[in-house]
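Next come two complexes built around subunit A: one with subunit B, the other with subunit C.
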Partner chain A sequence: MEEFEIRRYITIGQYLPLNSPIHRLDPRFKLVAFTILIAAVTFTPTYLGNAVLLAIVSLLVVVARVPFRYALSGLRPALPVLLLLMALQMAFYTEGFARGVAGACVSVLDLWFIHVTTCSIKLALVSAARFVELLMLTSLLTLTTTTTELAHGIERLFSPLQARFNFPAHELALIFTIAMRFVPTFAEELERIMKAQVSRGADLGQRGRLRFIQQTKALLPVLVPLFMSAFRRAEDLILAMEARCYVGGRGRTHFTQLRSTPQDYFAVAAAFLLAVLVLSTPWPW
Partner chain B sequence: MNQTMVLADVLVPRRGLFREITLIVTGTLLITASAQVRIPLPFTPVPITGQTFAVLLVGAGLGATRGVLSVLLYLTQGALGWPVFAGGTGGIMHLLGPTGGYLVGFLAAAWLTGHLAERGWDRHLSRATLAMALGNLVIYALGILWLARFVGWPAAFWQGALPFLPGDALKIVLAAAVLPSMWRLVGTWTSH
Partner chain C sequence: MTQTAPVLSVRKIVITGILAAIAILLGATRIGFIPVPNISGNATIMHVPAILGGVMEGPLVGALIGTIFGLFSFLQATSPLFKNPLVSVFPRIWIGVVAYYAYVGGRRAFGEIPGLAIAGVLGSLTNTVLVLGMAVLVKLLPVEAIPPIIPQAIAEAIIAAFITVFVVGGLRLLESGRGGASV
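Moving on, here comes the complex of A and B:
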């Protein structure tokens, strides 16, 4: 029955309730600061630049008092794909970086169709480093911010757009909150349908290398009820919201008010400064 | 422009902004849930995952605009680090990394299948199959173009499309079978 335990795989809300300077940041400023850092990571194509960024991100994890085990927990499920891509990049990429990395490529290994050059090694290693840095950054954001805070932050960040261009900032935040709330419900529903079909003799759980066609066919009686019940649930939700006189964001106030502190401005300024420094330094490698 | 109704219009008749909101969220949840379903294939290391399959179905079930917004929400959640992508992964590096093109291709595919469903292509097996195949083609095109920036040209095709083909062929047939079955169910529901 283990393969039906969908709920275990989808764990949203990995918030770690700790008291650290990063936890205390205003979500609006935190989002902006993290976006700046993500941009810095994305546009740094050098060994040294990435080493510095890795150090900065690790420092942030320490400051947030988050155990590294948690910050890196997303690495394990992604590892097979990451390693496969690294191997591909090393073996097949010959043209050098599309942009950003100049310098001559020196061939390291030349075997029939495999061409390993210094460029392809650099590409593979830099991509892997980037992956780890981005992984730590995004985990850090979700580990130090509750989903409610995140939704609130997004809403406030987009609210100037709401006034000017009628952008649905409140609805956006609502969407995020509902989506988060219903993930476990949904996973449960999928589990229930799968178990119900198995109890009626459906052939879902049994393993076997050559039974993929039967296994795919067996998914049909799971997917149809899943989709149908999902749409029914949507109808119920609308009814429930209307019954509670929910009318959207117009004229609505918040129970918690976001207040920015000097630390928030400092965090964004520091992120900006770091990004500018890392991006403008001419790293030798 | 002779727009016919898509599944969502029929199943959720209550109109208004909330319908749009809840349907978009529902689509996202369907993709999240399906992305966790996987069937291993014997001849390639790439398993069948429900991710692309659900994207195509959500596009067709919700219609073009809602489908695209649904996929956009899914990608945003993933970028924020929620473990919604296949195999319980998440994080912005999946979007910026070599496989990001497939994820962006989802947007285009959802729009395409939604657009075709709005013209009634999801009601019969043959046309539904064609719509799903076209949607899948769009995902491949964008995925491989993006992958090529990372691993170079021929490798992008051999590694980025070939191992997925058998699984995707099965998925297309499955997706194409789901849509008309749901329409048949809708028919029996609305009749009593």
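Moving on, here comes the complex of A and C:
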């Protein structure tokens, strides 16, 4: 039965309680800074640009005092797919990032339908570097920020829009909080349903790439009850909130007050400057 | 002070949160993935909550659940394919939106149950087509790698249709007091 112990394996917001400058950043500013960095990584198509970004992201990991094995924990399970994708990219993306630039790519290998060029190798390596950078950035964000901080950050970040355009900032934060709150509840529920179905003879135990039809069939009697019980809980929560006259965000005050410090402004300014510099520099390769 | 009508009612907020929780849960456990033998590695049912949200509470709820699902799949991705916000977040916004309009159109043309099935299929295909389309566009996946994924896309669409029909149909039965089943 231990393969159904779902609660033990959910890791959402694996927060590392440390005291580093990145942990202390105001969540609003942290979200903005990380978004800027993620955009910079996503749109940099050069070796040098990615080397610089990789160095900066590694520096951030060091500053956050997060051990590298935590920041890179997602790398090992991803390796097989990563290598396969790199091989496919090398074999098929003959033009790489340089579309329509004549003479930009030099053929390296030409075998039947496989055309490896310097451009396709670049594409594969840059994509892999990007993956590592994004992996570190996203784990850094979740390792240094609690989910509560994230919810506060989202709410306060968008609250100017709420006043001006009726944008539901408070509601979004509430949705996020409800979602996070109910994940463990539903994990428990899912565990119970799975055990119930197995005790009735459902075949949920074995897994394997060639048994996908059986697995899919076995999933329906688990998922449908899960959704049904979720909706029942939703109705309860709706009733409870309406009974307490919940009216949403306008005019609401907050228990937690976020205060920005010069460090927060510095972090966003640094991220922005960095993104502009990396994206505007004409890297030679 | 004039109080403008809230964009999201209590019902919409709660349903969005609850369905997003299921999407996150399916992503965080192995339940959401069905291992299959091709490049993508796994067929998924994590987009089903977005379809259900769209069908039951409208396009905005569907889009919000899709966005949360997308953000989590970006933050928790262990596949290089989804470690790119253009592939993991943007396409997911549209799942619930498409599902809603497919349901409305399908219900008018063919009736309730076929409408739900159509919503499941089109919502699921929105996920597949947009994700793969973006992956090809940002050059993460060559077009040549797509054909082996097609059977999986069809399977995902069929599963999504089944779950949508069973769950929404079942809830409608409960609401009308004709069904009494519980776990």
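Rule of thumb we're sticking to: the second predicted complex is superposed on the first by the 256 of 285 C-alpha atoms of A that agree within 3 Å, B and C clash if a C-alpha of one lies under 4 Å from a C-alpha of the other, contacts with A are read in each partner's own complex, and residues count from 1 in each chain.
Rule of thumb we're sticking to: a residue touches a chain if its C-beta (ideal position, glycine included) is under 8 Å from a C-beta of that chain, and two chains touch if they have at least 3 such contacts.
If you're wondering where the values come from, they're calculated on a predicted model, not measured in any experiment.
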Fit or clash between subunit C and subunit B when superposed on subunit A: clash
Touching partner for A:A196 - first (subunit B), second (subunit C), both, neither: second
Touched partner set for A:L109, first subunit B, second subunit C, both or neither: neither
Which of subunit B and subunit C A:S127 touches, first, second, both or neither: both
First (subunit B), second (subunit C), both or neither touched by A:V62: neither
Partner chain(s) touched by A:A269 [first = subunit B, second = subunit C, both, neither]: neither
Partner chain(s) touched by A:L150 [first = subunit B, second = subunit C, both, neither]: first
Partner chain(s) touched by A:L174 [first = subunit B, second = subunit C, both, neither]: both
Footprint overlap on subunit A, comparing subunit B with subunit C: 6, 9-12, 38, 42, 74, 77-78, 81, 84-85, 88-89, 91-93, 123, 127, 130-131, 134-135, 138, 141-142, 171, 174-176, 178-180, 182-183, 186-187, 190, 209-210, 212, 215-216, 219-220, 223-224, 226-228, 230-231, 233-234, 237-238, 241-242, 246, 248
Residues on subunit A engaged by subunit B in the complex (per definition of touch): 6, 9-12, 38, 42, 74, 77-78, 81, 84-85, 88-89, 91-95, 98, 123, 127, 130-131, 134-135, 137-139, 141-142, 150, 171, 174-176, 178-180, 182-183, 186-187, 189-190, 209-210, 212-213, 215-217, 219-220, 223-224, 226-228, 230-235, 237-239, 241-242, 246, 248
Of all residues in subunit C, those that touch subunit A in their complex: 1, 3-4, 6-8, 10-11, 13-22, 24-25, 28-31, 34-37, 39, 41, 43, 45, 48, 52, 64, 68, 72, 74-81, 83-86, 139-145, 155, 159, 162-163, 166-167, 170-171, 174, 182-183
Residues of subunit A that touch subunit C when the two form their complex: 6, 9-12, 38, 42, 74, 77-78, 81-82, 84-85, 88-89, 91-93, 96-97, 123, 127-128, 130-131, 134-135, 138, 141-142, 166-168, 171-172, 174-183, 185-187, 190, 192-193, 196, 207-210, 212, 215-216, 219-220, 222-231, 233-234, 237-238, 241-242, 246-248, 250-251
Subunit B residues within the subunit A interface of the complex: 7-8, 11-14, 16-19, 21-26, 28-30, 32-34, 36-37, 39-42, 45, 48, 50, 57, 61, 73, 77, 79-84, 87-94, 96-99, 149-152, 154-155, 159, 170-171, 174, 177-178, 181-182, 185
